[in-house]
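All chains are identified by letter, namely A, B and C, in their written order; residue positions are counted from 1 within each chain.
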Amino acid sequence: MKNTVIAAATIAAFAAGMASAHADPVKVGMITTLSGGGASLGIDSRDGFLLAVKQSGTKDIEVIVEDDAQKPDLAVQLADKLIQSDKVDVLTGIVWSNLAMAVVPSAVAQGKLYLSTNAAPSQLAGAGCNANYYSVSYQNDNLHEAAGEYANTAGMKKVFIMAPNYPAGKDSLAGFKRFYKGEVVSEIYTELGAKDYAGEIAQIRASGADGVFFFLPGGMGISFMKQYAGAGVDVPLIGPAFSFDQNILQAVGDAALGVKNTSTWSKDLDNQANKDFVAAYQAEYNRLPSIYAAQGYDTANLLISAMAKAAVSDQAGFRTALEAANFKSVRGKFSFGPNHHPIQDIYVREVVKEGDIYTNKIVATAMTDHADAYAADCKM
Amino acid sequence: MTFALFTEQILNGLQLGVMLFLMAAGLTLIFGVMGLINLAHGSLFMVGGFVCAAVAVWSGSFWLGLAASLVASAAAGALVEIAVIRRLYDRDHLDQVLATFALVLMFSEATRFVFGSSPLYLNPPAMLSGPVMLPGGIAYPAYRLAIIVAGLLVAGGLGLLINRTRLGVRIRAGEADREMISALGIDIRTLYTIVFALGAALAGFAGALVGAIQSVEVGMGEPVLILAFVVIVIGGIGSIRGALIASVIVGVVDTMGRFLLPDLLSGMMDAASARGTGAAIASMLIYVLMALVLIVKPRGLFPAHG
Amino acid sequence: MAEFLNERRMSLAIALALLAVPLMAEWLGNSFYTTLATRAAILALAGVGLNIALGSGGLISLGHAAFFGIGGYAVGIIASHHQAYEPLMTWPLTIAATNQMPVLWLVAILASGLAALMIGALSLRTSGVYFIMITLAFAQMIYYFAVSWPAYGGQDGLSIYVRDGFPGLNTLRPLDFFLLCYAVLMVVLALVRMISGARFGAMLEAVRQNPARVAALGLSPFRIRLVAFVLSGMVTGLAGALYADLNRFVSPSMLSWHMSGEIMVFVILGGAGRLFGPVAGACIYVLFEHVFGGVSDYWQFFLGALLLGVVLFARGGLIGLAAGRARHD
């Protein structure tokens, strides 16, 4: 069974390779986090991207991968190197919004294309949008907005919301409130990187809320969910997919079971491109893909689809080809809005255990054809 | 604000304080006896967390993991002491800072090499996983209560060890006069290794206990290390009693500040900016406390030497 | 051979090598190495600042990232106002924002000097290991404040869209900016040399070696140390200002305790108390990061090993090793 899938992928790859045979070679600089605490996200982005390049069989893409160690100053330095020394055409791969804000504005001002595999801060979606910048993932607020919408349909009347005290955290709570119609009983900003949520959990217990929305990426989410389960508070949790990727769930364990989270992608999403992707990823890397891997994979396929239609040296033509987004996304429907951010469906997933592995399964669709709140401010 | 919520927050502060004490006690002991400042103490905290997680997953028993973490961090401490730290006792503090900073880099990268970059799984044992009901209708996580009890027991045990045993006599002699104890015929090299391993075991114990409710990941020890420094500055270097009292003060002030400040400020400004500003000020509160103590008592609340 | 390669010649060789790299790079058309050399020059300047307190004054500050970051934020905050075309403040008097480096540097030096005055006044009440822990803790306090203070980007930091200008230069060209940073480094080195040769340098040396005797002479060791600490903070703050313009970006990571450790590493790798020690150390660090960072994800392990080796076996730093003398007197 596995073999036939790979064979099919190879044939598709061969066809794609034929199509792009006449294109100019494209040099891609990938800056992502491969070391330090956030490394698993960058490793997945890279592996997803490289899998798509490998499947396409094209010889016309050269990818230079660099590790930013989640440090903004190092990311800037690497961008300088890739632009000045390696003379890349396209930059991609940054996981974190603060690193993206350090690199993207100056890179696109120098005429380089930037395709985002993950970070998509609001500054780059509204007045600060740029013709050379494309977010293939989402706009940062999207998953929080979907969580707000889901809280309505799930009948939550009073919610307790919390996020770390930094810009993405503020955007997150603003995004949730943009669509949530009930009462917000309490709004808490926690210290970024905090590992102890006893104080917040005590306040949740005392608040009388019937739902808790939290945005705590990485280790913060692990700590919170473990402590929440231990405290015996039974108010249901919802959050964006960032606290629920494949690597994090294994560290949380049973404490995450049954928690709902919003995502643009899930491994059980029912379309052929996704089935092929999940099978090929497992065969290649011997682990389940995460949302970061899916986004990396889509980004590479978008690039490959544009290369088939225009040469990268023809800037206007290449941009038009990217805007068309003529590729088979693992998320099914996918198109770009006027500010080069996706219009897509957002799903609600639930954490389940399959054998020994903790993973997600889709239980509902939170929003269909959802764009973002900033597109109107974008004058491109 | 209800009485139950207030009490729960006080307990949370106490739990943070007890955890800080386990770190600060080792640091202050090592400084008191050997005159060494050890930045790598946070790395030993991390070793405790990782070993506990790895052994707990492998054996299926948290308790086995906890025991293993004690042994492993003590062993790591002894090893580091013999290989590196021993050469630093005669050096100035600058060399000590740099060498132990180098150890921090090496420990972090080596841990990442061995265990990978993803956080590890470690949960509290089943018997302590839920809440318990305290008098007054307060539901409190059993595991956190266990940390408080364990920490206070360790504090008591440490007091007995130092005041009532032969090892304690030697440690106190070492603190009072370093040249004296070799004259007393005590094998000073072994004593130093034992003290360092004891401090390492306390840090590893804290790392394992806390790892079960937080996340076991590379770099987990560094924020705790800096908080432990604040504790020592407030409590007075070399004083176990000072470390205990300062730990509890820091734990309670930090927890209550984060809890109360945003509400206090919302009387003065609009709710959203009060939340943000309150959280920003709360994160600085213990450092302000440290500055105040420095102004009044530059050598800490309970200076050990004169 | 060891006698031949004395310290002064080493210093000259380091200064020339640092100048030669970008000139070669520009000639070969690869301006990335110019950027790398600029980074080395700026980090060296940060180290030179710390060296005033550490090498000459014996004050082991593990919190110099605070001054580095404050210098950087001074530039970042003013630039963020300037690029939004709004004044810096309107009350009690209107101050317009600027993008001219000389003004920005002055602000950065004043701001970091003021911070050093406050932190120094508190932490110099103590000494030894207390001083190390307290400087570390205060730097951490400023770090947490920068992370959680919402007005200027918090954890995300601030972008400077266009590098600030300097009269008569095109700072956007890598070589121009390098030469500017290099000139600043050399001027500061000359000033430090002048100060350490003058009366103040002698007093600082005396305080380091025998504070009781200085006090007996009727001078206040506290004041002398405080002046050295403030000067030290100012130079490191100036380096932070340049670093902000190099990266066109500031963030709390400039304030983190790892940064403090790294600045100290520059000083020690080269050799504490030596004029050119931090320059050599920063060059080695940047080279090490560039070469080994490309080879292994675990390069920091090897950096740690190198540092440990230098501390345990080469106490005069690498200049000391090359010059064949264990200690600089």
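General remarks:
Just so we're on the same page, contacts are C-beta pairs under 8 Å (C-beta built on N, C-alpha and C of every residue); 3 or more make two chains touch, one makes a residue touch a chain.
Just so we're on the same page, UniProt names per chain: B = Amino acid/amide ABC transporter membrane protein 1 (HAAT family); C = Amino acid/amide ABC transporter membrane protein 2 (HAAT family).
Treat the numbers as computed from the prediction; the structure is a model and nothing was measured.
Ranked by how far their CA centres sit from the centre of chain C, the chains are topped by A. Chain pair with the larger contact count among A-B and A-C is A-B, by C-beta pairs in contact.
For the pair chain B and chain C, the distance between mean C-alpha positions equals 31 Å.
We define each chain's centre as the mean of its Cα atoms; on that basis chain A and chain C are separated by 37 Å.
Residue positions of chain B touching 2 or more other chains: 112, 276, 279-280, 283. Residue positions 35, 165, 170, 189, 191 of chain A each touch two or more of the other chains. Residues of chain C found to touch two or more other chains are 144, 147-148, 150, 298. Chain B contributes residues 2, 4-5, 8-9, 12, 15-16, 112, 117-121, 123-124, 129-131, 139, 141-144, 210, 212-220, 223, 255, 258-259, 262, 271-272, 275-276, 279-280, 282-283 to its touches with chain A in the complex.
By the touch criterion given at the top, residues 54, 60, 62, 122-123, 125-126, 128-130, 132-134, 136-138, 140-141, 144-145, 147-150, 257, 261, 264-265, 268, 272, 298, 300-301, 303-305, 307-308, 311-312, 315 of chain C touch chain B in their complex.
Taken together, the chain A residues at the contact with chain C in this complex read 34-35, 67, 71-73, 76-77, 80-81, 84-85, 97-98, 101-102, 105-106, 109, 121, 164-168, 170, 189, 191-192. Taken in their complex, chain A has these residues touching chain B: 35-37, 39-40, 43, 165, 170, 187-191, 193, 195-196, 198-199, 202-203, 205-206, 218-220, 222-223, 226-227, 229-232, 247-248, 250-255. Against chain C, the residues of chain B that register as touching in their complex are 31, 37, 84, 87, 93-95, 97-99, 101-106, 108-110, 112-113, 222, 226, 229-230, 232-233, 237, 273, 276-277, 279-280, 283-284, 287-288, 290-291, 294-295, 298-299.
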